[in-house]
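There are two complexes below, and they share chain A, which is joined by chain B in the first and by chain C in the second.
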Partner chain A sequence: MEGTTVLTEQREPIVRAFLRHARAIRRERWGNLWGYVFIAPALLLYLTFNAWPVVRGLCMAFTDYRFLIRGSEWSFNGLQNYHEMFFRDRVFWHAFAVSLKYTMMTFPVQLVLSLLVALMISSITRQGVAAFYRIIVYLPVVLPISVAMLLWQQLYHYQFGYINYLLKAVFHVSQPPNWLGDVRWALPAIATAGVWKSFGGDTLLFLIGLYGINRELYEAAAIDGANAWQRFWNITLPLLRPILVLIIALNAGIASATQEMLILTNGGPQNATLTLGLYGYQLAFQQGDLRLGYAASIYLLLGVIHMVLAGLVFKFFRTERY
Partner chain B sequence: MTSQQRLARVPGIGVASQYRRLTRRHAIAVGALATAAGPVLAACDAPAAGRPAEAPAKGRVEVGLIAARWVIDEWGLPQWVEQYNKESPSAMIKLEQVPDGWQAKVLSMIREGSLVWDGVGIMTPFIDKVQWVESGMIQPIDQYVQVSTVDGAKTILGDLVPTVKQDVTYKGQIYGIPYSVEAIGLMWYTEYLGGIGLREPPGTWDALLDAAKKIQIQFRSQEVVPFAWVPAIHTSLQALIHAATDKPYTSEGLLDITGPASMRALRFMRSLVEEGLTPPHGSDGYLDLWQRSKLALLLAQNSRGVWAQRIFGPDKADTGPVPVAMRGGPQSGTPFWSNTFVVFNGAKHPQQLVDFYIWLLGPKNDKVQQAIIESGKAPVLDSIYKSKIENNQRFRWMARFRDLIAASVPYPENTFWSIQNSKIMPWINRLMEKGSTLSLEEAMNNALQEIREEVAKQKVR
Partner chain C sequence: MAIQARVWTLPRSIGIRRRLAFGQIILHIGLLLLSLAVLLPVLWAVSSSLKGPDELYQAVPSLFVRQPTLANYQYMLTRMGNVPIYMRNSFIVSLGTVAVVCLTASLAGYAFARMEFRGRDLIFTLLLLSFFIPQSGGLMALYELMSFLKLRNSLIGLILLFSSSLTVPIFIMRQTFLNIPRELEESARIDGASWWQVFRHIAVPLGAPGVVVVAIITFVRVWGDFLVTLTMIDKDNLMTISIGVRKAATTGISAFFAGSQFTGKFATYGADAALYLMAIVPVVLLWVLLQKWFIRGLAEGVLKL
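Now for the complex of A and B:
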């Protein structure tokens, strides 16, 4: 017994040291455990309402889940959805082309317009006036999309719309375009409404970048004889690069535009405004068996396209941190 | 000005000092205020539509009913719920507006056995019926009606206009109690028809074409468009096919778009467009035109006529049947559908809900039927047509529709309508381009091929 006590006494400092060491390692690696307890509720909410839907959607994209077929939620069908999409679904390719066209129409315009407006607002020296313009530019962003699009629907009406009224009364155009009813005009018309609705957000981001540029750089350049264009090209644009990258990455989502078309034309006329987003919506919530699995695979493809685009943007426009 | 005040005006420093003034104490105060304001605001919230303020009395069960906003508002549903709750000894109806994405919510609750509502209004049978039954969302109500002791329970199903009853029937069972029926018809402004000397609407396609031409000449200076249809198949081609044949659907359960009646209807539609008697494509911007009374005649669901009456007065607009291709020729009525209340599968109190439906929509509840008629919706019970419509000058059009609906061929029982609508409308739009050289046959054959391709992918048939 005595021998055992001696052994225990000898071991105690070793055990204590070990525990102390383990605690130190744990604290070093994991930090204070109470922190985990405090973030647990938020984490739980995130996992339930953000992470799980993503995982569920991902799984759904490889199933033949049809809302009307009971028990089809987890009926995995491998890559069949993608085989159908690429080789047997003509509407998919049509909608893909429309989405691409829409992106080509809106993205460059939105980028240039928001940069231009941001430059103009940033050049205003009176703070109150600048704030007024910032609010004006940002207002369409906070307007609910349904309200904004119904407003444009009124503007575009071929007989009573203000646009055609103006064309007829002021410019004496006898046959003004049927903006939303004509195959040639419907997509550009929606693109215009879409740009109006969202360019304010990009403008604000550009403004943040512009306000962060040191004025002394411009003064120095002016002293060196640089004109306005040279100052923009050699100072403003390079320093706006991080913001530019962010805006390009954020705008990759334009390709999946759905709501504008749903409200203004529902894909018409003659499917001229049927984007992939809208096609997926129709398949999932309106037509036949309500093929949620197939629609999810379309949305997954859109997601992959967005990720690739964002990845390319970050790769080729990477900037150093200032 | 003190040095501190001067410092505060310096850009940057001034702002920083403002931030400094916001202490943690301020943040805690704001948080406490917000927390206190939450319950106060929640308490100020008006009770949901028709929601009873008190809990159900002992022995009474609470029955959950969700309904679309327009159903709640259109004929005063909350007040009828309130009255029922006062009278009923066994149930208390809790009425709520349908939440966003309610179908997915209901279905998942049913599958988990945790359903909180008992039923919903409204089912539109030609779009929803098969989907809702096959997905297991709703259950048949025949058994509940049979054992119900509510006044009118024994007669309500037999009193339904026969085709309306068929509309809510699937595989031999009845899936709801309809409260009104809508059908495709011709609506017109009396001023324009009167302006060309017509007291009655055109009854045939030829007469319609003739009237449209006269209206165009007579009201050209007012920029009145003579005729338009609503851009969907049931409000255009499908309605005209019904008016030209007694067999509007094929054995596949599809609209017969390649048959002679369809070709004739499309030729008629095209001639209207080519003569400039319609807005572009026959329908572009029709709603604005109609609501501003710049459209003389409209092919649409019959409630659009009542909309016009509400805007301009009851004598300014009227409603009638779709003109037929040829007087005395074959026809199959018109596309129609009922607005139906249904019971969810797994409902806790299906019997009590069906009892409420019978009390609300049965032949004995005169006041509700009157409210439904006043809202512009045609009733579904034959007895109501006899007691309330036949001698009512303002709503006599409903009597004409009753007969038309009774003689109509109902939609086939499948889920293909939305597919057909999405495939046929783009081709109709192409055909209705002014100067289009596309042949009717080619357009409809292409549409049919696309429909068949999509239908082949469906499992529920």
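Now for the complex of A and C:
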């Protein structure tokens, strides 16, 4: 200790020069080290709880990992999960069909409805009133999904629900359906609730796009004698295209709908609302020895489908002009 | 010239305005009907929660309440499982996550916006790109990870887990810091302020709007989360309201008050409605009062990404 101090005192100029040199090299190579300190907490959280699960989930999709069986964490089985899925698992194909049906019910309705509502709200001339409608339309989006679905469960209730009351009292239907308990009606009923929950998000995105369109274009077109439909078709739609593409790509994920069914029916009645997402969830967390591996491979398939669809949408509908 | 032009176009513009006014009325009627339809589930819950048993279970129920009562709210708060505890847990987890996200995201956003270090742009680009990778198998892997770390059935665990969705917050904070003028920070640096001091006393106060946006979107996301919370929490006294509502709505039945002729699933219809309403009050208030910030978050977070 003493020796070092003496040494440092004796050779101070050299040591200091060396340190300065080292610092300069460090600065050149690594830049401002405080930068790393500043991003460290975020990066640590992100890598642990976000990046790692994605990587691990990817690995898991090729194993026969069952949570309750010790030592099966890394039991890779190649493509066996996918072989089982495609050739032996009847429930998988049933769930696939349900997912497809659900997407067909919600996707077009949600797209058209949100575009229509956005067009209506953007045509309102008084700003305060437009803000009022925006608040209402987006309200379902901020609600917790569980509460939103349970609110609909109350509406759908066979005896005391408002919908059946309306059907009975106003439209004189003597035998209204038991919405969530009926094989034919359960999926459309959930789809309605699902669209109600999320169309406001798309509406708001459309609105942001619509407010960005220059008003003068419409005035010019109106002076040239274009009617409302022509203005929509030739001005609004082309200029809205980037947002439209984004929304379609985002909505491609509807196919993995899980929570709505998990909350309302857990797949019933008679598996009529068992989507792929829910099937995966049940396999992983509700049934037998918790087949995390097989469930992960189902989710991987869903993710790949979503990515491919979104990619296709971007490839075919994107324009170079905007 | 200008005046002449105006005079010439005057009659025509009046015609257009009249047509517009008519169109506006149609628009308003359409939108009002739509708003009613959108609000119906909530309105029905409000009405149900204020009804007594006689009105709730009558043959022809109505949206309007004749004899409002708060009995349902009282029942919900005192006899439906651990509802007050669920609410407390929700506040702990949501506010905790908001605090962690705001701190970490603004630190990182500031570093990405202002500091120069090796690999900065690479790290940032990777972070953004990872946003587009589907997190499909993530839930299963999270289950394993949280079990391994002994963070299942822990509110701290939930906070850490929710705080890790940092891509959008970091992006918003970086945009915010890039948009504030550089000169103030630079002169502070020359005067000898440390990076932390510059960040704490200059950047954060100027970037406060961004922090508010991040706080709001995070609060709503965490308050409403269902799937992750459901897989991570089994213990009743650790449940948040978003998974607790389902449990309370079903346990309410077994604890149903004696002496009534109504049994079975919807014996607590009115109390359920009261419960649902209480669960949505915080997010609805946030949205209604601060909608401008919200839309800004949406525009900056989703559209620019």
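Following the convention adopted for this analysis, the second predicted complex is superposed on the first by the 278 of 322 C-alpha atoms of A that agree within 3 Å, B and C clash if a C-alpha of one lies under 4 Å from a C-alpha of the other, contacts with A are read in each partner's own complex, and residues count from 1 in each chain.
Assume contacts are C-beta pairs under 8 Å (C-beta built on N, C-alpha and C of every residue); 3 or more make two chains touch, one makes a residue touch a chain.
Just so we're clear, the structure is a prediction, and the values are computed from it rather than from any experiment.
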Are chain B and chain C a fit on chain A, or do they clash, once the structures share the same frame? clash
Broader residue contact with chain A after superposition on the shared chain, chain B or chain C: C
Once the structures are superposed on A, label A:157 by its partner contacts, choosing first (chain B), second (chain C), both or neither. both
Chain B versus chain C as contact partner of A:69, first or second or both or neither: first
Determine, under the contact definition given at the top, whether A:270 touches first (chain B), second (chain C), both, or neither. first
If we overlay the two complexes on their shared chain A, which of chain B and chain C does A:296 touch? Say first, second, both or neither. second
Is A:165 touching anything from chain B or chain C once the two structures are fitted on A? First, second, both or neither. second
Which holds for A:35: it touches chain B only (first), chain C only (second), both, or neither? second
After lining up the shared chain so the two structures overlap, which partner does A:142 touch, if you call chain B first and chain C second: first, second, both or neither? second
Tell me the contact category for A:46 with respect to chain B and chain C: first, second, both or neither. second
If you stack the two complexes on chain A, which partner ends up touching A:244: first (chain B), second (chain C), both, or neither? neither
Clash with chain B: which of chain C's stretches 58-66, 184-192, 256-264 or 274-282? 256-264
Please identify the positions on chain A that touch both chain B and chain C, taking each partner from its own complex. 67, 154, 157, 159-160
Chain A contacts chain C in the complex at 29-36, 38-39, 41-43, 45-46, 48-58, 60-61, 67, 73, 117, 120-121, 123-125, 129, 131, 133-140, 142-148, 150-152, 154-155, 157, 159-160, 162, 165, 168-169, 196, 200, 204-205, 208, 222, 243, 246, 256, 258-259, 262-263, 281, 284-285, 292-293, 295-297, 299-300, 302-304, 306-307
Write out the stretch or stretches of chain B touching chain A in their complex. 107, 130-131, 134-136, 223, 225, 231, 279-281, 284-285, 288-289, 292, 294, 415-416, 418-419, 422, 425-427, 429-430, 454-455, 457-460
In their shared complex, at which residues does chain C touch chain A? 16, 20, 23-24, 27-28, 30-31, 34-35, 38-42, 44-45, 48, 56-57, 60-61, 63, 100, 103-105, 107-108, 110-112, 115-118, 120, 123, 127, 130, 132-145, 160-161, 163-167, 170, 195, 199, 220, 223-227, 230-231, 241-243, 245-246, 249, 266, 269, 272-273, 276, 279-280, 283-284, 286-288, 291, 294-295, 298-299, 302-303
In their shared complex, chain B is touched by residues of chain A numbered 66-70, 154, 157-160, 178, 180-182, 267-271, 282, 286-291
